[in-house]
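Take a look at the structures below.
First chain A sits with chain B, and in the next complex the same chain sits with chain C.
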Partner chain A sequence: MSRSKAQIFSIDFVIALMLFVVILIVSEWAWTTSVEKIYFTEGRNDLEILARNAASILIQTTGNPPNWHNLSDFNTTNVSSLGFAKNRPWFIDENKVIRLNNLNNTNYSVYKTLLGIRGPGYEFHMNVSKFNRTHFEDLALIGETPNASAESVVKISRIMLSGDDKNWTKITLKVWKTCVGASCY
Partner chain B sequence: MRRRIVLLKIGNKSIIFSLDVLLAFISTITLVTGSFFYMSQVQSLQWGQPGIYIISLDTLHTLKIDKTLANAYEFNDSTNLTLYMNYLLENNMCAEFEFYNKSGSLRLSVNRTLNGSSCGNSSIIFVARRTFIINDSVYYATMKSWYKNE
Partner chain C sequence: MKQKSQVSVELITLLVVLTGLFLVILSVSEHRENQLTGIKQYLSAKDVGDKVSWSINSALISGYGSKRTFYIPAKLLDGANFNVTINATARSVIITWVGRHYKSPLLTSNLTGNTSLSMGEVNITNIMGTINVSQ
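Let's turn to the complex of A and B:
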């Protein structure tokens, strides 16, 4: 019984293998590129929707409960949503803004939860400033400013009225995503 | 049915390419590249466009409540509107206010200027409208807004 073995190794097999490998490499590259693009685009869309919803809730609602700024215990158990409106939409209650500003250092994560900013690595920064016909006066700087690791930053500006003089008050909300591990491109 | 066969000779060796193989190869390449081409066409929505419209609605709403619209129409005075546009709107945002009477005739038009020059035009302009009342008569204002072309 012969133990010798044979192999078929024709040129057309080599060409077929090369074509297969080329197609495989091109497919892999195209797949990776598409996935990265879709990931980035969807992430951006998510931030935009979050920021718009959060800004709308702040200027159009009083929050729940409406007197949340007077509660001694500020947490997600006692407060279920935040809102700057005093008694009707677009009229800002400066006491609520000041209270939020004062609690900023210890309750940033609570703010994020109440504003619905809950994605991985999502952060926000909010600036509330009142225009007194000559210059802007900052009422509050809340949250964290976007840093060098910010991957996407979405900026929303809304206008409210403040006080009896109905001063124009600008709310600028930046929602941004910090670069986390495998999400960095 | 006859099948076409291509014979490629390299030295004393030959490769047989049938028409089936060529068609399969071309189909595969077309399918793969076509699929990924369409997948790569995923576009981010133009979020700036709904954003500028929301700012326009905010603007008209607040200017109606604090009577800036009514005063501008009644006294033909654009001072506060100009102040608003210069300080409250974003630097790359252009705007034009127009005031109409009950019969739809234009009474006052106020444009924003950026750095002393006209804001220019854009192919995409958003228009928001708001009515206001002076002495029991209804008037309306429109705000056209667009992003300045760089």
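Let's turn to the complex of A and C:
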């Protein structure tokens, strides 16, 4: 009698059940981790593409209209694209940088739209500095610096030339993602 | 008699436990399958959206006269239908599919030509700073 009872609820069965539950929990954990990794990798790739595009359009184009820095109303309606180039790629128009720097405090969201930096918690910071024969001197600091909530930062540096004295101007762009709700991994 | 009855009760208990486990596994696997389908469709839609925006943005960056050509597939992965819309005002390429959407940013609002794209070849041309989309 007791033998037949033991045959059904044996220790073997309990161990098998426990093993099964452990495997189930591990597979659940592995799945969740994989999904998070996919989204994190995609997010990171997005940031890199956005940063590269933003740096390229600033360096290689004049913007549209090319005299956007002279417009009294700076907004996404009047300016269809941004660019620092004077009249050809890689040659900087410092007036454009200065204009952007002067508008900095009130137009951050406009810059983000024009530079295509849009997404959940996406922010940027740009440092434009000019080489004065000994070191780089800040010409403009635009945007928001990565803070403690930044979970992913992509940094890109590019060099432009000044038309008159063929001097170097370095543009350092940081595109970063702040941790927002469900996007935090 | 008594012995037989005890075995039956235990057997029923065992069956209940196993059925419960089976139902849990079934529910979890169904949820996983739905999630996987969602991820595949999202990545597929993202791929299409980014392809469109990359072509427009790179034509803009490369300068006047630049051309790009790409193909839009008939369906997303897993056979989902989708729509591609270029919204110049919002500076976005918007992919919509089964109640979801994905937006890929554009670097210009100076766009002309087709704003709604379907399966097939799409040509992008930078005409004096204006990006023309034709299909």
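The definition used in the following text is that the second predicted complex is superposed on the first by the 162 of 185 C-alpha atoms of A that agree within 3 Å, B and C clash if a C-alpha of one lies under 4 Å from a C-alpha of the other, contacts with A are read in each partner's own complex, and residues count from 1 in each chain.
Operating definition for what follows: a residue touches a chain if its C-beta (ideal position, glycine included) is under 8 Å from a C-beta of that chain, and two chains touch if they have at least 3 such contacts.
Just so it is clear, the model here is predicted, and its values are computed rather than measured.
By the touch criterion defined above, A:W31 lies against chain B and chain C together after alignment on the C-alpha atoms of chain A.
When both complexes are overlaid on chain A, the residue A:I15 reaches chain B alone and has no touch with chain C.
Judged by the touch definition given at the top, the superposed model places A:F136 against chain B, while chain C stays out of reach. In the superposed model, A:K170 lies in contact with chain B only, and not with chain C. In the superposition on chain A, A:S80 contacts chain C only, with no contact to chain B.
In the superposition on chain A, A:Q60 makes contact with chain C only, while chain B stays out of contact range.
When both complexes are overlaid on chain A, the residue A:R118 reaches chain C alone and has no touch with chain B. Chain A uses residues 31, 38 to touch chain B in one structure and chain C in the other.
If you check the complex, the residues on chain A that touch chain B are 10-12, 15, 19, 23, 26-27, 30-31, 33-34, 37-38, 41, 44-45, 48, 52, 59, 90, 131, 133, 136, 154, 156-161, 166, 168, 170.
On the chain C side of its complex with chain A, the touching residues are 2-3, 6-7, 10-11, 14, 17, 21, 24-25, 28, 32, 35, 39, 43, 46, 50, 54, 57, 60-63, 91-92, 103, 105-110, 129.
Those residues of chain B whose C-beta lies close enough to touch chain A in the complex are 10, 13, 15-16, 25, 28-29, 32-33, 36, 39-40, 42-45, 47, 50-51, 54-55, 58-59, 61-62, 65-66, 83-84, 87-88, 90. Interface of chain A with chain C (complex): residues 1, 4-5, 8-9, 17, 20, 24, 28, 31, 35, 38, 42, 49-50, 53-54, 56-57, 60-61, 64, 76, 80-81, 89, 113-119.
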